[in-house]
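Here subunit A shows up in two complexes: once beside subunit B, once beside subunit C.
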Partner chain A sequence: MTAEIGLAALWMAAALCMLQFIAGALATRSEGNDIGALTRPAAIVQGLLALTAFACLLWLFAITDLSVKLVATNSHSEKPMIYKLTGAWGNHEGSMLLWVAVMALSGAAIGALEKRLPERTIQAVLAAQGAVGVGFYAFLIGSSNPFERLPSPAAQGAGLNPLLQDWGLAFHPPTLYIGYVGLSVAFSFVVGALITRQVNPDFARAMRPWVLGAWVFLTLGIAAGSWWAYYELGWGGWWFWDPVENASLMPWLAATALLHSVTVLAARDALRTWTVMLGVVAFSMSMLGTFIVRSGVLTSVHSFAVDPERGVFILILLALYIGGALALFAWRASSIAEGKRFAVASRETALVFNNIMLCAILGVVLLGTLYPLMAEAAGDRVSIGPPYFNPVSAVFALPMFAVMAVGPILRWRQDSARRISKGVIVLAAVGVVTALAGALLSDAGILPILGLAFAAVIAVAAVMPLYGRKLSRTPMATWGMVLAHFGVAVALFGMASESGFSKETLAAVSAGESAQIGPYEVTLEGVEPLAGPNWTALEARLSASDGGDAVILRPQSRTFVQPVQTTTESALLNRWDGQLYAVLGQAAGDGRWQLRLWWKPFVAMIWYGSLLIALGGILAAVGHIRRSRRRKALEVRLAEQEADLLLVRRQEEAMA
Partner chain B sequence: MTMLKAKHQRLVLVVIALVVLIGAGLLAAWGLRSEANYFYTPSQIVADPPEKTRLVRLGGMVQTGSIAQQADGVSIRFVVSDGEASMPVQFTGIVPDLFVENSGVVAEGRMGDGTFMAETLLAKHDENYVPRELQEMTEHQAQQVVAETTGGSPE
Partner chain C sequence: MMRRLWLMFAAIACLALPLGYAAAQTADETSMADTQLADPAQEAEAKALMESLRCLTCQSQSIADSDAEMAVDMRHLVRSRMQAGESPEDIRQWLIERYGDYISYAPEAGGITWPLYAIPAVLVLLALGLLVRRLRRS
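After this line comes the complex of A and B, so read on.
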């Protein structure tokens, strides 16, 4: 029964989405009708219905209803409850339902809360949101129905990939999806503003929380995915330039550019056309990301060609939305009024420069990700890996870091080189000293040393905007920027130190023997079998000591029961200055066990830095929302005072 | 500092953006060209070995009976073949769980003296995900298995 309720809710939500689109579209076509008034209620009810459908799917997974095909193929009655629930979106159909539900809920939020823009613009925004939504409902109901029943219930579920039975991965896809969907909302705002010719600072302020929110979720999603790959795969790396990773990085790069250009538009009324363009690009990248991950094109272009239904559907949606948006852009771009001008030495210039650099990196990653797919379609097999991505993106990333350090101490509109020269000299000195120290004291490569130098420069530069300010009166949004930029420095420091100074060793040891790694001596005390709820494992007992007390590490080699699969569970020892990372390999035959050990100095900074970046984004979003609330309250109070004054005057007149 | 005229400012921005993006495109194209022959099959690596300093990938089937554990306990040697040519590979490290004889493997590493020195082995690591380079290998293998079972007569 629950499955049918879910499906019915889904159909009704789709119908309301259609209504929202048509009503909004009709409202923009002719003046003086009030059909547009339907869009807000339609959006709100659609959001509630989509939420109901998703709740039904969660319930089906919670009770392991094996008559539903999706549950039978992806779950198992003996799985821990939390992974039953997360299994609801750990598959294609469920994840698309999650996408649609989040999208409908954001539409509902706009319908219920957004009051700053003219009503016509909101209706156009909701119409655009409806247009995007309709495509996804059609995709979901037509080719990936999550509520499909089996002819006869399965005896037992087929389980869930054990690699996915993990906290990090359970929350990684929804976080990314929320980010993708947030960019779709930004896209709807752009389309609505283009249609109603409202590309102005008010529009930028209304769109900014959505861009910031999407960007925060993308940041957290990428960080969670990288952390998962780091400790769950047991390969010791944290970024592999895998197409799936790139699919999440590209929208992030576009969102980062959009976030900064929307700030220029909101604060200075410049970069109007550019912001609109970036809004379209950012959403294109999240659609492309969905296509890459969901179409099967990654496993092989050939397998995609054999079962093209899903991929072709997403590709058609992609072409429709992006093509439509670009056509609208070409048609309306000339009507976007000229923004305010700025001098060459100004904060705007710095932001424009970094926007262009971010787009260049985006282009490099995009080409590197798509090239193997296109070559394969042409019958040629190539792999593109770190030897391409690292140096080519560094060409653009390094100048970007330099400008990122200087930008925040420049003034808006116009500044002089002389005013900031002292700050620039300090920053340059910090950079040169760090780079020289790194080059002289270590044998790390050029990129890690440059990374360290820029991390130091950005860390100092990040707090410079606070210099000479009264800290208690500094706006929350400025704190957000300071924190996010400082987070970039922290993450960059972690990346540079991990790639430049990691130590690695591989040893075959029998019980009682030890191996040396970095500052640690690691002794194998024994290997024992172990049983968990749905797995069995071999667990090694390692004692690690850097001269002080020994710490016990327990890396495992796990074999899952359903489906049968072996995974390595690495063991981590966290210290303030780095991590000891241990993986248990196979038996070498003569009683010895393979051990792979890494000492990774400051590697955790990569994720701490990412958290700071996300926290900065949250602070900025909250700061902006609070400020616009306060401005609104002020306007209301002024209007009330005026009305009171009018009343008093009328009474006086009447008395006279 | 002077301010540019409004019209000029937009033009200058567009030109700069275009120049940088085209530059990025060209740089990427150059980078891709030099990395394009990153993947080798055993026949290709035998016919035209890459320079010893270059990191490349070698993909093929692990020949049956060729995996040999080395005395140090952490190294193995095996032979990768594609039916036409074969290449001995040495790997030091923990082999992936699904690395077995007569299945596909992609080895990343550098060419040594007659032996490919692998730094990383990529094998199928779950039932749903196969490294892209391996996809064709396993399809090919499946075809072979089918051909063998239907072609061979019971003795």
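After this line comes the complex of A and C, so read on.
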């Protein structure tokens, strides 16, 4: 029964989405009709219905209802409850339902809360939201129905891929999806503003929390994914330039550019066209990300062609939305009045320069990701990996870091190079000293050393905007920027020292023997079998000592029962200056075991930095929302005072 | 195109035979797979090479970070040939001849991959040009 309720809720939500689209579209066509008033209630009820559908799916997974096809193919009654629930979105159909539910809920939030923009614009925004939603409902109900029943219930479920039975990965997809959906909301705002010709600072302020929110979730999602790859895959790598990773990085790059551009529009009324363009690009990238991950085009262009139904559907949606958005942009861009101008030495110029660099990196990642697919379609097979991505993106990233250090100490509109020269000299000195120290004291490559130098420069530059300010009166949004930029420095430091100074030891040892890795001596004390709820494992007891007390590490090689698959569970030893990473490999046959050991200096900084970046984003969002609330309250109070004055004057006139 | 495909199949078949044989043998046929080379500089070169070779049976993984049988065999091949004195580029070329460009993650500028380097450069020049024009006007 629950499955049928879920499906019914989904159909009704789809119908309301259609209504929201049509009503909003009709409302923009002529002045003075009331049909647009339908959009807000439609959006709110649609959000509740989509939430109901998703709740139904969660329930089906919680009770392991094996008469539902999706549950039977992806779950198992013996699985821990938490992974039963997260299994609901660990598959194609469930994750698309999650996407639609999050999207409908954001529409509901706009419908219920957004009061700053003219009503016409909001109706157009909701219409755009509806237009995107209708395509996804059609995809979900038409070719990926999550509530489909089996002719007869299965005896037992097929289980969930053990690699996915992990905290990091359980919450990684929904986090990314919320980010993707946030960008679709930003896109709806762009369309709404284009249609009603309201590309102005008010529009930028209304859109900014959505961009910031999307960006925070994308940051967290990417960091979680990278952390998962780091400790779960068992090879110590944290970024592989894998197409799936790139699919999440591209929207993040676009969102980062959009975030900075929307800030310029809100604060200075400049970069109007550019902001609108970035809104379209950011949404296109999140659609493309969905396509890459969901269509199966990755495994091979050929396997995509063999079972093309879903892939082609998403491809059509992709073409329709991106094409439509670009057409609308081309049609209306000329109607956007030019924003305020600015001088060469100004914060705007720095921001535009970095926007261009971010877009260039985005272009490099996009090209490198799609090129093998295009080449394969043309009959050639090529692989594009780190040897391409690292140096080519660094060509654009390094100048960007330099400008990022200087930008925040520049003034808006017009500034002089002389005023900031002292700050620039300090930053340059920090950079040169760090680079020289790195080059002289280590044998690391050029990119890690440049990375270290820029990390130091950005760390100092990040706190410079606070210089000479009264800290207690510094706006929250400025703190957000300081924190986020500092986070970039921290993450960059982690990346540079991991790639420049990691040590690796591969050793075959029998019990009692040891191996040396970095500052540690690691001794294999023994290997023992172990059983968990749905797996068995071989667990090694390693004692690691750097001269002081020995610490015990327990890496495992796990074999899952349902489905049968072996995973490595690495063991990590955290120290302030790095991480010892230990993996148990195969048995060598003669009583010896393969051990893979790494010493990775400051590697954890990559993820601490990402957390700081996200925290900075949250601070900025909260700061902006609070400020606009205060402004609204002030406006209301001013209006009341004016009304009072008017009343007093009228009374005086009447008396006289 | 067809001829190329056949060549690739033939190459894989040729390589699969000895590799399959190796897998059936005891560990000493792949003993170099996870044994570091004595010379740290040579080991670093081998490591860099392995990180830029695709494991053909995995999804988007290099042979340096996979437990797949093929990756293990190829690590053995890379390390033993390096030890025998071959240069990393020779080994890469040898592998590319057998398996095609697909095996190498490092596309060379030239042939069909030149747009990978040309397009970003052109786009950035264009964007910077626009920015400069805009700034001149104000």
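Assume the second predicted complex is superposed on the first by the 651 of 656 C-alpha atoms of A that agree within 3 Å, B and C clash if a C-alpha of one lies under 4 Å from a C-alpha of the other, contacts with A are read in each partner's own complex, and residues count from 1 in each chain.
Heads up, the rule we're going with is that contacts are C-beta pairs under 8 Å (C-beta built on N, C-alpha and C of every residue); 3 or more make two chains touch, one makes a residue touch a chain.
None of the values given here were measured: they were computed from a predicted structure.
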item	value
Touched partner set for A:V392, first subunit B, second subunit C, both or neither	both
Subunit B versus subunit C as contact partner of A:S416, first or second or both or neither	first
First, second, both or neither for A:A508, with subunit B first and subunit C second	both
First (subunit B), second (subunit C), both or neither touched by A:P41	neither
First (subunit B), second (subunit C), both or neither touched by A:G379	second
Partner chain in contact with A:G324 - subunit B first, subunit C second, else both or neither	neither
Which superposed partner A:D242 touches (first subunit B, second subunit C, both, neither)	second
Intersection of subunit A interface sets (partners subunit B, subunit C)	235, 298-299, 341-344, 352, 356-357, 359-360, 363-364, 367-368, 371, 375, 381-385, 387-388, 392, 396, 506, 508, 568, 585, 588-589, 594, 596
For the subunit B and subunit A complex, residues of the former touching the latter	1-7, 9-10, 13, 16-17, 20-21, 23-25, 27-29, 31-32, 35-39, 55, 57, 69, 72-74, 92-95, 97-98, 108, 120, 125-130, 132-133, 135-136, 139
In the complex, subunit C residues that touch subunit A	1, 4, 26-27, 34-36, 47, 51-52, 54, 59-62, 64-67, 100-107, 112-113, 115-117, 119-120, 123-124, 127-128, 131, 135, 137-138
Residues of subunit A touching subunit B in the complex	161, 163, 235, 273-274, 298-300, 302-303, 338, 341-345, 352, 356-357, 359-361, 363-364, 367-368, 371-372, 375-376, 381-385, 387-388, 391-392, 395-396, 414-416, 506-508, 563, 565-568, 583, 585-586, 588-590, 592, 594, 596
Of subunit A, residues touching subunit C in the complex	233-237, 240, 242-244, 298-299, 341-344, 349, 352-353, 356-357, 359-360, 363-364, 367-368, 371, 375, 379-388, 392, 396, 504-506, 508, 568, 585, 588-589, 594, 596
